[in-house]
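Comments concern the structure below.
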Amino acid sequence: MATTAWTRRHVISLIDFFPAEYDTVLQTAASFREVLSRRTKKVPTLQGQVVANLFFEPSTRTRSSFELAAKRLSADTLNFTPGNSSLTKGETILDTAKTYLAMGTDLMVIRHQQAGVPQAIADEMDRLASLVGVLNAGDGQHEHPSQALLDLFTICTLLDPERPRLDLLADKKIAIVGDILHSRVARSNIWSLTASGAEVHLAGPPTLLPQLFADCGKDRAGKLFLHWNLEPALQDADFVMTLRLQKERMTQHLLPSLREYHQQFGITRDRLKLCKPNVKVLHPGPVNRGVEISSDLMDDPEFSLISQQVTSGVAVRMALLYLMGSGKA
Amino acid sequence: MATTAWTRRHVISLIDFFPAEYDTVLQTAASFREVLSRRTKKVPTLQGQVVANLFFEPSTRTRSSFELAAKRLSADTLNFTPGNSSLTKGETILDTAKTYLAMGTDLMVIRHQQAGVPQAIADEMDRLASLVGVLNAGDGQHEHPSQALLDLFTICTLLDPERPRLDLLADKKIAIVGDILHSRVARSNIWSLTASGAEVHLAGPPTLLPQLFADCGKDRAGKLFLHWNLEPALQDADFVMTLRLQKERMTQHLLPSLREYHQQFGITRDRLKLCKPNVKVLHPGPVNRGVEISSDLMDDPEFSLISQQVTSGVAVRMALLYLMGSGKA
Amino acid sequence: MATTAWTRRHVISLIDFFPAEYDTVLQTAASFREVLSRRTKKVPTLQGQVVANLFFEPSTRTRSSFELAAKRLSADTLNFTPGNSSLTKGETILDTAKTYLAMGTDLMVIRHQQAGVPQAIADEMDRLASLVGVLNAGDGQHEHPSQALLDLFTICTLLDPERPRLDLLADKKIAIVGDILHSRVARSNIWSLTASGAEVHLAGPPTLLPQLFADCGKDRAGKLFLHWNLEPALQDADFVMTLRLQKERMTQHLLPSLREYHQQFGITRDRLKLCKPNVKVLHPGPVNRGVEISSDLMDDPEFSLISQQVTSGVAVRMALLYLMGSGKA
C-alpha cells in the first residue's frame, strides 16, 4: 500500500493536512474497501497491538465503527466508558490516558465533549517519548477528522472508484448546510474540501453561521462562500452535505422551531432541482428525519450517500489506524 | 454437519418451523456441544464475519450467551447498548439497524421490549436486498425462539444424548407453569412442543392464563390443555417448565402476593410427587428463589435442568448463528 | 516457565501464600513482561478458554488490565456489569456465577464491594466439582491480591530485573502510608511484604490506623510497625507505598480536611529527604493529586513507580491467569 507520504503520529485536525496525505488516506482506504468486500473481512496487520477507545463523550455509532476497524486489522480493543471510571474518583483525563499508555496501548482513539483534549493527550504522549498515536474521534466543536475523511472518500470513490484522489474535487461545488457554528464535522470538512480546490458553500441561519467562518477560506486552494439562505448554496451544487441539528439549539433561542428550520434549510426532493442533475446528499448521522432532510429523500439510493458514508467509515478508519500504527519502528 | 433442511435467513418465530428444521438445529447443536467439551472450545467457522448484538432491552445473561456463541465460532462481535446510543439522539430503530448493516454486519441478534421489532428489521434487511440474517433474542411478549430451542435441546439430549430429535417427545407430557400471558418464552415453547407431538399442559392463575391460549393448539401435531390450578398439569408429567414471574404483576393487581403465588403454583419437591418418577424441572432464568420454584429443588441436580439449559444455550446459539451464517453465498 | 510451586486453583487472599508461590508469580510475570516488549504482544496460551470479568463493583482501570491480560493470552473475555444485569431482577450473586460457569467460563475475575464474595463463589465452584478458578480483583476492605503482587513485582524487578524474587526485600524498609483501615490494597501488601522478611512501617492518622493492625505482624518473617505520624515511617525507607484516600472519609469525620491530611501525611519531595537516597514511591491509582502525594513528585520518574505499576499489572495478571488456567487437566 502507498504509505510514502505518511509521517504523522497523531491525527487531531485537518487544518494542516497536505494533499499527499489526503491521497494516501484515500488510496489506503480503497485497498481496505477491497478487503471488506471479501468473505473474510480481516487482515493481520495490527495483530498483537492494542487500540484503546477512550470515549469520554459516549457514542455507540462512532465507537462501533472504530472498534470494527481495529478488529478487522486484528488488533485487540479496549473500551473506556466514563460512567464507571476513575474519572468519577477524581483522576484527571491525562492520568487516565497515561494509565492506558502504561498498560501497553499502541493507538488511542479519543472523543471528548471539550475541544483540545485529544491534542493535550497527544502532547503528553510525545512529552513522555512514547510511540503512541492519538486519533481525534471528535472533540467539542473543534474537529472530527475521520468523519471528514470518510465523507471525502465517499465522494471521491463515487467519482473514480479505482483511484479516489483529492484533485477529483477541483471543479466541484459542494454545499454544507445547517448548524455550522456548533459542528466539528463542518470544521473538518471545510479544511479537507477547501484543500481540494472545490468551491465550498456554507448555508445556515445567521445564528448558526457567523461571518467569521469566511476566514477559513483564506489561503486555501478552493474557495469558501457564506449564505444565510439555502438557494444560492444549492444552485448547481454537485454534493450537499447536511449537518445534524441538535434539538437543544431551540431552547437556546438560536432557532424558532424544527419545523421552521426544515422549511428554510431542510433538504427535499424539490429543492434538489436547483442542483446538478446527479447531485448526491450526505449526512454524518444520526439523522433527525424530516428536519435536516426529508424522510423519503434520505432513503432514496439515487440521491442519498448516507449508507455509503457508514461503510466508508470502517475502511477510512482502518486506513488511519494502519497508517498511524505502521509508522512505528 | 447436517444442514440440508436449512433455508431460513431469519429466526424470528417458531410458529411455522418444520420438524426437519427443529431436527437440523438439534443435530447441529449436538455437534457444537461436542466442540464445547474439548479444551479449545473454538471453531473457525465464522472467522471474519461480524455478529452485532443489538440489545435495545438490556440483558447481561442472554447477551453473554450470544456473545460467547459468536466468539466460539471465531466471529467478531459488536455490542449495542441503548444507554449511550443514537436512539437518545432521536434516531429510529430501523436507522440504527441500517447503520450496523452499512458497517458490514453479517448477523444481527435483536432484543427489544416491543413485539415485532426483529421482524421489522428483518423485513428492512430483505427490502434492501442485504444478506444479513436477523435472530430474535426476545421481543416484548411475542417470542424468544432461541430459548425454546435450547429448552428443546436440553430435553431431547436427556432422552437421547447421541441423536437428539423432535420425535423423542411424541409421547411425553410437558407442563408449562406460571405467567403464560406475559411470557415470550411460553409462546415459543408452545410452538416447538406442540410441533413435537407432545401433550402440553399450561397452568397458571386465570389472570395470567387467558382462555384464548387454547387456540394455539389447533392444527398442531401435539395437544394443548389449559388448567387454572396446578395439580392436573403436573399429574404424570415428564417435564415441568416454570416461567419467571415479574414482580410488577402484583402492583398491576394480577396477583395477590408472591407468597400466595408460590403456595398455588410454586414447584416444590412435594408437588413433584404427582409427576412421573424421573420428572425434570426447567426454568429460563433468572429464578426468583422460593417463588416459581423452591430454593432446594432448584439446586438439586436430580430434578433441576437449569444449569444444563444455560450450557445448551451456547451450543444452540452457535448452531443458529452457524446455520444462518453459512446460508450465504 | 517455572510453575513447579503452583497448586492453587483460586487466588483470594495472600495471607497463606508461601514464598515459593510468590517466586513463581514473580518469575512467570518476568517472562510475560518479556513478551510484552515484543511487537506482537500475544501468546496462544489460553486460546479457546473463557475469562469472565464479573465486576459487581465497577472499575474501568482494573477491568481493562485484566481484560488486556486475558486477551494477550488469547483467551475470550466476557464482561459482566451489574447495571443491566439479572441482579436487578433479583438473582443472587451465586446464581449469576453459576450461570457463567454453565456457559463454559474457565476463569472468573471477581470484584465486589462486600468482603468475602470471591471466596463464597470459589467455595461454590468447588462444591459443584467444577475446575473453574476464581481470582479476587478486590473485595470490600478485605484483599486485592493482584494489586499487592504487581507492587511486589514492580519493586523486585527494580532490584533485580533478570531474577525478581521475594528474598530481595529481606533487608529493606517499606512504608505504607494513609488510610490503612479501609484499604484492601494495604491488607494484601502487609501479607506479601511481611512474608518477604522486610520491615513494614504503617503510618496514618489514628482514626485510619487502629492498633489491631499490629497483630498482622505476628509470626511473619518480616516485622511490622505502626506509626501515627509520618516521620519515623519514612526514616531510611527504601520504598514508600501511598494509598488512595476516599473523600467520603471526611464526611464520616475520620479526617478534618484533605488539606490537613496532605500536611500531615502527604508525600512531598521535601519529606522524601528522610528516606534512603534512592527511595521510590508507589500508589495503586487513581491518585488524588496533591492529597496523598504532591503533583510534581507523582510525575517525576526519578521517584515515582506509578506508571511501572500499571505496566507490571498486565504482566502479573497474565501470570496469575496462566498459572490458574494451566492447572487444569
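As written, the chains take the letters A, B and C, and residue 1 is the first residue of each chain.
By our rule, a contact is a pair of C-beta atoms (placed from the backbone, for glycine too) under 8 Å apart; a residue touches a chain by one contact, two chains touch by 3 or more.
If you're wondering where the values come from, they're calculated on a predicted model, not measured in any experiment.
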Subunit B onto subunit C, rotation angle from CA fit, given as a multiple of 5 degrees: 120
Homomeric contact subunit A-subunit C: same or different residue positions, threshold half: different
Rounded Å distance, subunit A centre to subunit C centre (Cα mean): 41
Contacts with 2+ other chains: residues of subunit A: 81
Residues of subunit A that touch subunit C when the two form their complex: 47-50, 52, 76, 78, 80-81, 83-86, 89-92, 95-96, 98-104
Sites on subunit A touched by subunit B in the complex: 36, 38-42, 58-61, 64-65, 67-68, 71-72, 81, 244, 247, 285-289, 307-311, 313-314
